[in-house]
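Here come two complexes built around chain A, the first alongside chain B, the second alongside chain C.
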Partner chain A sequence: MIDWTSWLDYGFMRSALFAILIITPLFGLMGTMIVNKKMAYFSDALGHSALTGIAVGVVCGMQDTSLAMVLFAIVFALLLNKIGSANTASTDTIISVFSSCSVAVGLAILSKGGNFSKYSSILVGDVLSITNREILYLVVIFGVTIVFWLVCFNWLNAVCIHRALAKSKDIPVKVMDNMFAVLVALIVMLSIKWVGILIINALLILPAASARNLSSNMREYHLFSVIFSVFSGILGLVLSYYTNVATGPMIVIIASVIYFATYWRGRKDR
Partner chain B sequence: MKNKYVFVVVMLCVILVAGMGFTNLYVNYSEGDTSKEELTVVTSFYPMYVAAMNVVGDAPGVKLQNLSEPQTGCLHDFQLTPEDMKLLSTADVFIINGGGIEAFMEDVAKAYPNLTIVSTCEYLELLSDGDETNAHAWMSVGMYREMVQTIAMGLAKADPDNRALYEENAEIYDSKLMRLEERQQTVAEAAEGTDVILFHEAYDYVADDYGMQVSCVMDLDEERQVSAGEVSEVLRAINEDGASLILAEELYGKSMAETVQKEADVSVIYLDPLNRGDYEADSYLLGMEHNIELLEAYFVK
Partner chain C sequence: MRKIITPCGFHCIKVNHLGVTFGEQVVLKDVNLHIHCGSLNAVIGKNGAGKSTLIRAMLDDIPHTGEIEFKDTKDGRMQRLKIGYVPQSVNIEKNTPVSVYDLLASFESHYPVFLPKSRKVQEKIRRALRVFEAEDLIDKQVCNLSGGQLQRVLLSLAIMDEPNLLLLDEPVSGIDQNGMELFFETMDYLKKHYDLAIILISHDLDYVRRYADHVVLLDQTVVKQGSAKDVFESAEFERIFAIDKEERWIKEERSDD
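Right after this comes the complex of A and B.
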């Protein structure tokens, strides 16, 4: 038998658990709105822009590349929103163009001199790399998100359901869109180091998508999404510790299992 | 209505139990006997393990373990997993190459201040390319001999009871290495001054051992994309410096070597960088001997 508490003996596992307890509820919360607003592709593009963010940080000689990443992601998100709302081509085309452009720039800069392997850890993520300062950032963003949700959720939801109607009710549609995009950018960037670019989007989308399969109102939707997110986060962390695989993928595997179970259940109800 | 909540609870419980069950099976399956040893020696990667293996020999109460898999190669882009941190937390001595290959060492030293770290390159004068140190010192037999001595010294300090045994083992291994070095000398006489192109940073030490002139280095250590500029640099070295020999690694250098061979008239020798293989005590001796034979066949006709 395994000693199921031994992982708590290590400082790095405790920090990882703490980080997961902060960030997974946020993933669940934001995910609900991302899925509703059909922004899955948008958050994926944001994740990919992290590469460029790091590259920009490296070029500018910044010590703390996470700051460069965050700044770049915010600019990137606002730019995407701006161009997306101009309605020149369909949104998915625009996002795809932006995403591949930024990945190409990032890869070009980072692979200069054959040094890309230094950054390959960011592709799959590394749970051991969480520092106390990053946890502090997470706590701050947690607070900001909760406040934003409490104050603005109804507006945000109204915008999501019917833009024109929301506008006629004097809801600041553009501001809501931009604030939400910036928030998503912040959360994605701050957790990308330990989740990894390749799968971060799954963590945002899967819990909410699973919850959508089951729930019949907003309250249930949020409740299930947060529960699924936290559950897969903690179980994934523990299992990855004992099986010696990367944590991010393990969390996503569990979240996927939940999704397929709820999908099956959701179909049966219909 | 309530049905839904029951479903969620049941589903999560099933996933929890199944996940823990499978993990339990997996851990029991992969865990061998965990008998208590007095001294646990951990090495960072393959060449260190082989060297330490020869020094430790059958010393009583010593457990030797390698941090990375034998096929990992150099540790340039190595990520410590929780399992590695666990292994290091049980270690008494950690034998590393040093010279910057183990990029994660800062974290390790911070997490385990009491761990004895033996840096095998500590007393060596490493080659460097500009401001970057080239730490692949084990590719030089002469330097490797000193690294073995450093390991023996470090282990003797950490485990004084087995001191005599470590020194004796190192002595025996050293005499075998000395024979290799002598053989290398005869080849070196023929090879001296030859212009070569290297497809692996580590072969700087080979070129240095044999007194060859390095006219161009293309480091193909990891899977990476090569730019056209680098290839033209190699072709320039062939055409202008008159380099007629490429030293490459079969695993990563082969396709590039074949490309260059199509463009220019050069010979390619595929040397073993000795950074991956099986856990045999003689693997360094055999691998290095094979490298010497290849060079011998080329230079001493």
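Right after this comes the complex of A and C.
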């Protein structure tokens, strides 16, 4: 018979559980705005830029490539925002160009000398190897996000609904856009090692997208999104332990199942 | 919003030498307007005449030259102009979980909309909605509102912080004849009972003729302005809307067949 609590006997599993309990509500929260603002592609590009960030760190000879990654992502996010608002070509084309370009540069530098395998773990991520110090980073960004959300969410939503209208009400439109982009960059970079470049965007988008299928106002939207996110995270971790599958993909599979289950409900309603 | 018996008539808004250029294309040049509180001012013109650009420039949403003054004519004191803006539509597509409460609270309150509703904020929103008989819409999803309902909600939002000037971009679609009648009656009520001026971008010349106190005919610059009668009977009006008339005439002839 399977013992359903045995996984908690391991220290690394307890750390992983703790990390997931911090990351997933954050993803649920951020996802609501990313989906409403139609920034799914933007956050995806940010995730991919992690490779370039590491490469920049390696080139500069930095010990801690996480710092390089975070700094690069912030610059990248602000740059994308600036170019996107200039309205010269369609935004998705621009993001795609920047994203592919930065991935190519990153891959080129990291694969030089033939030792890319050293970095391949970041593609899939590994939440089981998280250390206490890294959990502390997550706790800090969790706090920052909650405060930002409490103070600025209304403005973010207003800007998303109508920029000129928000401006007429003296809402700092550009500052809001940039702060949100930087926060997405920070969260993506701090959690990418545990979730993996290939699937991090799914975790940001799926819970909010599922919640959208069921909700008719902001309160339901947030509640469902956070619940779906945390639920997929915990169940994914436990199932990955018993099935011996990487944790990140397992979480995304569960989140996808929830999405498809709610999709029909969403269709039926409207 | 403060309700008054009659507008004081001592406030005026002046737009001086307003100009907008996109790249090398001059969209607006040397636009001068003088607007009094308690008046309904309609801006008319053909497509591409720069009507929407004028609104965006007045909102400071796009770079422009010239300036906008807001003056108390009694003592000549300059004040900060508060603009209530009613856009044509909002960026809320089908299926978006934003209720009317969420929409208004996001713009007008700091109390986060994702937390349980605050009674205070809700009361404030209800009061604004009541002015436009839209109170029962408060829990409706914005994406499911009809054109007329959305407009009433946006009007409520525009007047929530007691603006001196109401800028309206009249929606071209989604409002039926009854809705239009109701809309212009509301405008009439607003200008008579609240201390504000209204600038309305309108596409419906018949309603403008009936309701507007001051009509501005725009084509890159102010071609003609004055009372509805003056503008509608002017040679400039004839020239700009001549082709339209022909089209209408052709349509009428066709329907006669």
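Annotations
By definition in this document, the second predicted complex is superposed on the first by the 270 of 270 C-alpha atoms of A that agree within 3 Å, B and C clash if a C-alpha of one lies under 4 Å from a C-alpha of the other, contacts with A are read in each partner's own complex, and residues count from 1 in each chain.
By our rule, contacts are C-beta pairs under 8 Å (C-beta built on N, C-alpha and C of every residue); 3 or more make two chains touch, one makes a residue touch a chain.
Treat the numbers as computed from the prediction; the structure is a model and nothing was measured.
Look at A:Arg133: by the touch rule set out above, it reaches neither chain B nor chain C. In the superposed model, A:Arg219 lies in contact with chain C only, and not with chain B.
Contact with neither chain B nor chain C is seen for A:Lys174 once the two complexes are overlaid on the shared chain.
Look at A:Trp149: by the touch rule set out above, it reaches chain C but stays clear of chain B.
Judged by the touch definition given at the top, the superposed model places A:Arg14 against neither chain B nor chain C. With both structures placed on the common chain, the touch criterion links A:Ala158 to chain C but leaves chain B unconnected. Contacts of A:Ala166 after superposition on the shared chain: chain C is touched, whereas chain B is not. Overlap of the chain B and chain C contact sets on chain A: residues 215, 220. Residues 32, 36, 149-151, 153-155, 157-158, 160-169, 171, 211-213, 215-222, 266, 270 of chain A are the ones that touch chain C when the two sit in their complex. Remark: chain C residues 56, 59-61, 83-85, 87, 90-92, 94-99, 101-103, 105-117, 139, 141, 157, 161, 167 touch chain A in the complex.
Every residue of chain B that touches chain A in the complex is listed here, in rising order: 4, 7-8, 11-12, 15-16, 19-20, 23-24, 26-28, 76-77, 79-83, 85-86, 89, 107, 111, 219, 222, 224-226. Interface residues of chain A, counted against chain B in their complex, comprise 1-2, 4, 7, 10-13, 111, 114, 116-118, 120-121, 126-128, 214-215, 220, 224, 227, 231, 235, 239-244, 246, 254, 257-258, 261-262, 265.
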